[in-house]
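In what comes next, chain A is part of two complexes: it sits with chain B in the first one and with chain C in the second one.
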Partner chain A sequence: MISLTANNKEPKGLDSRLFKDRLFKVVVFIFAFITISPIVLIIYKLIIKGYKQINLSFFTETAPDTYEAMIALSNNEVIPGGILNGITGTLLMVVLASVMAIPIGLLIGIFLYENSTKRYANIVRDITDILQGVPSIVLGLIAYFWVVKSITNGFSALAGSTALGIMMLPLIIRSTEETLKMIPETIKEAGMALGVPYHKILLRVLIPTGFSGLLTGILLAISRIIGETAPLMLTALGSMGVNYNIEKPTSAVPLLIWEFYNDPNMVDLIWSSSLLLMGFVLLLNLISKHIMAKRA
Partner chain B sequence: MNELIKQIKDPVLSIQNLSVSYNKGKYAVSDVSAGIKKNRVTAIMGPSGCGKSTLLRAINRMHDLYPNIETIGQIFLNGEDTSTMSNIMLRRKIGMVFQHPNPFPTMSIYDNVIAGYKLNGIRMKKAERDEIVEKSLKDVVLWDEVKDSLTKKGTFLSGGQQQRLCIARALAFRPDVVLLDEPTSALDPVATKKVEELLIELKKQYTIILVTHNMSQAARISDYSMFMYLGELVEYGKTKNMFINPVDKRTEEYLTGKFS
Partner chain C sequence: MWNSEKITKTLLFLASLIIVLITSGMVLSLMNGAIPVFKEFGINFIFSAEWNPTEGREDYGALSFIAGTLITSVIAIFICFPLAFSTSLFVGEYYRGTRLAKIVGTMVDMLAGIPSIVYGLWGFYVLRPLIVDLGFNSQGFGIFTAGIILAIMIIPYATSISTEIIKMVPNNLKEAAYSLGATRKDVILSVIIPNARSGIFTSYILAFGRALGETMAVTMLIGNTNLIPKSIFDTGNTMASVIANQFGEADGLKLSALIAIGLLLFVITGLINGVGKLLIKARL
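Our next item is the complex of A and B:
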């Protein structure tokens, strides 16, 4: 009680301490603002420059040739055609890459979780980390030699998705391992104490419990590879028409952006294609954020 | 200590010369022998790190999960050497409840109770399943509270309800012995009281072994008590006798609060 009255006096230098506190808050706020401004500016620019091109034909027609674009430009019209060949190509290769990478990635992730301290698992984990750092163009080169040169004998969607699949692998492996690690040991023990064989605990308890985490990892891996351009140049090459044959050259949205960039008549299409790609990646990120939030 | 085993006639569970080591040569439980009386509550108490949980987990071989733990000695369940049983069969006969309530988070209350059957792929008619769920939940006095929300996730329940759900899950197999590892240490006093009353009720049907950090809990609900210290079973006998007239000096010091 006595100390309460004694403390009533203002401590020395309180004003300057409060000032420092306020200054710090302002600085933190400014830096946070600097962090969000690029993404806001990017989206703003893409919308302003790209919205004109986004109409029905953008999704239903293949890319125009230079001549069509030049005519349209000189008449001050919107460039005809769309990027259907890119959209279908991207979807085809993403699905194919996922089919290759998801099962393998999940299994390796489970293996690492199961044998977290074993020597072999440590080696696998380190190599996974290295794989994550391999430049994507190098993976494209490898896919070129593995698939283009020896399997499909020519540029192909299969080669492109092989490169993309290898890029997805480390992301899925690590997110699987991390997700399973987050599940409390007692859940596993509860299953053991009921006399449940281990593989059933894994399949029926651990994987359902971590399902949202696994799904998030997969979605983020897809959003990581969907905009990859470099490895596709060496593997899928690109095509003028819509292609569903995995052994044939195939276009993709990022490949089309690169082609549009190299053609002065098609500059407008760069922006709309980028807007579409960006929107898709944002959507995937938002979905995974939502899943994570629901889990917590 | 061997005389004490003889005291207990027809033990449902008989532990003989059991030692458990985490590191080679270092024993967390050393040379413990004891018989467990059927349809009684046996409490294992002792200070932290005395090996009481380690002893409990050796009974249903939970240590098999961790490769560097070594267990020596024998345990007989109804006269049968448990080392000849598979882990799966043994754990169906000896249920376990953990310190923190751990219902399966993705499963409904109903599925949690029946989980032992479901995960083991034992097929039953729906009527049979319903009966097991109802009986198990009634055993743990949870039926009236959850009978209208059986399809809800088990994690929606309060901590005390979750722990009773976990007990129901362990009871669903009608085990011979139920092991409880400090089941109330994560619960509030009201929930603790409910679980304690439940255990007294359950001993009519089951044999219960309870690890507890809490002396007064052991005094309240157990019929037999073990006192462990530094991995050794110091004293084992009827709870009443032990609390009134402990034989060993260390037991006396522990019970009088000289150390804890």
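Our next item is the complex of A and C:
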């Protein structure tokens, strides 16, 4: 009996420690589970509320006006029209922003890689980091001054893409530099030993070798700007029709979501538009993940 | 003589000047736009909570927005911390290198891909009714609601760096503790956390910097009142949300005030990110 109680005491301390260990683990798991639940809940909500609206006319017609939507609502019908003006506007501005940001971003990324230890390059790198941290709404303010006020004399697609382009720039610079850093030095040296001119080493060796990494960086940068709303509110403003003139106000999918959200008659359209936007962002992310996985 | 190497190098250098010009031009433009309001109110602009756009009695101060920004971001960090840190432990320690960790990691990364406006919609239609049901406040708007959404939005930023740092803790330290009879909890609390402390801290600084500048989701949930919030269930406004809200009808002194707020936001986020970057550099 005595030995039994003594034996019981020892494991008791161990038991309580194991219990605490298990408790800790359970708490960690619960919190981790809570962390991943929003993504599931958000996607679920978008699909459940949004899929009904998505049909062919959703992609081929422009947004309805509030009166059309009201009539459809009172007849209990699906709201007519689509978000063509938003889709074309988003494409126009993303393409324009990419045209501005990708070449410069690649060049600066290469510059940082080539001069990685120099003092000036360190300053450029710090500036890139600062720019990456600037809230997008501030970029909207800047594009408002630089483009809306000075170049196009009014809200315009050009202003919107300027804001988006500035936002893309640091993302592309950093991904370019990181990608090039991972290329073995020997490949570059082999080219140099053959007497290949410097620009050909860049164009024929570094860029092809790092191509998948560079592409991933660009796709991720696009996926980051495509859902931006705030800077576009100050620059592109939005429009009812399809617009391809870069000096005119232009709509975009996120801008349309904002308009629908503020209009009680059209509020049903927010879910389908968000579903589309979100699907596009996730698709870009998926493609870039796929490219990365292939490379590794 | 100009050869191809020199041309290429010059081209690269010129490109690097562009980003320097953009960033410095940005600061100058913001400062230039903010001059009128600082001329009118001086440094008081930062320390006054008045916001009165009525013509003739215009009075602008940024304090309530600075307060709103800081309070929502602090709430976000407090909510974010247990969630993101547990996820980091889950991915970087408990299920390190497994398929499950990869799936959880991917799902957390996906959070970063959701556009701000979609968070706003979800917050408005799902979270806000929940806050009303719980009886925290009658409309469901306010800095607490905005803080919760912000917390979800910054989770991926906080998680990714801390996970890497947790993975970097040397295995032999952990093994030494296990051999002394430590449980996993003991190892986490007395080996991993002390070792990874500064890195984890840094990741939350950077996540905080993100939270400061978020606009759309906050605008849709914070209630948009130009007062210093008195409790966490009060409504308020952040620097980013007041710009988004009031920019449309702004001109003259009010426009200048909004630009000055943009400048302050730029400076505050710059400082926070700068501190984060310094901490990372000091560590490596």
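Rule of thumb we're sticking to: the second predicted complex is superposed on the first by the 260 of 296 C-alpha atoms of A that agree within 3 Å, B and C clash if a C-alpha of one lies under 4 Å from a C-alpha of the other, contacts with A are read in each partner's own complex, and residues count from 1 in each chain.
Here, a contact is a pair of C-beta atoms (placed from the backbone, for glycine too) under 8 Å apart; a residue touches a chain by one contact, two chains touch by 3 or more.
All values derive from a computational prediction rather than experimental measurement.
Peer 1: Name the contact category of A:259: first (chain B only), second (chain C only), both, or neither.
Peer 2: neither
Peer 1: Please work out whether A:282 is in contact with chain B alone, chain C alone, both, or neither, and reply first, second, both or neither.
Peer 2: second
Peer 1: With both complexes superposed on chain A, which partner does A:189 reach: first (chain B), second (chain C), both or neither?
Peer 2: first
Peer 1: Could you say whether A:197 touches chain B, chain C, both of them, or neither, answering first, second, both or neither?
Peer 2: both
Peer 1: If we overlay the two complexes on their shared chain A, which of chain B and chain C does A:18 touch? Say first, second, both or neither.
Peer 2: After superposition on chain A, A:18 lies in contact with chain C alone.
Peer 1: Counting touched residues of chain A, say whether chain B or chain C comes out ahead.
Peer 2: Between chain B and chain C, the winner on chain A residue contacts is C.
Peer 1: Which of the two partners, first being chain B and second being chain C, lies in contact with A:228: first, second, both, or neither?
Peer 2: In the superposition, A:228 contacts chain C only.
Peer 1: Using the superposition on chain A described above, determine whether A:209 touches chain B (first), chain C (second), both, or neither.
Peer 2: first
Peer 1: Touching A:142, do we find chain B (first), chain C (second), both, or neither?
Peer 2: Second partner only, chain C.
Peer 1: Quick check on my understanding: which residues of chain A belong to both its chain B contact set and its chain C contact set?
Peer 2: Common interface on chain A, chain B vs chain C: 197, 200.
Peer 1: In the complex of these two chains, what residues of chain A are touching chain B?
Peer 2: 184, 186-197, 200-201, 204-205, 208-209, 211
Peer 1: Along chain C, where are the residues that touch chain A in the complex?
Peer 2: Of all residues in chain C, those touching chain A are 3-5, 7-9, 11-13, 15-16, 18-20, 22-23, 25-26, 29-30, 33, 82-87, 89-91, 94, 104, 106-111, 113-122, 124-126, 152, 155, 159, 183-186, 188, 209, 212-216, 219-220, 240, 243-244, 247-248, 258-259, 262, 265-266, 269-270, 272-274, 277.
Peer 1: Which residues of chain A touch chain C once you look at their complex with the stated criterion?
Peer 2: Touching chain C from chain A are residues 17-18, 20-21, 24-25, 27-32, 34-36, 38-42, 45-46, 104, 107-108, 110-112, 114, 120-121, 123-124, 126-131, 133-138, 141-142, 145-146, 166, 169-170, 173, 197-200, 202, 223, 226-230, 233-234, 254, 257-258, 261, 270-271, 274, 277-278, 281-282, 285, 289.
Peer 1: Over in the complex, which chain B residues touch chain A? Could you list them?
Peer 2: My answer: residues 60, 62, 65, 87-92, 95-96, 98-100, 102-106, 115-116, 118-121, 166, 169-170, 173.
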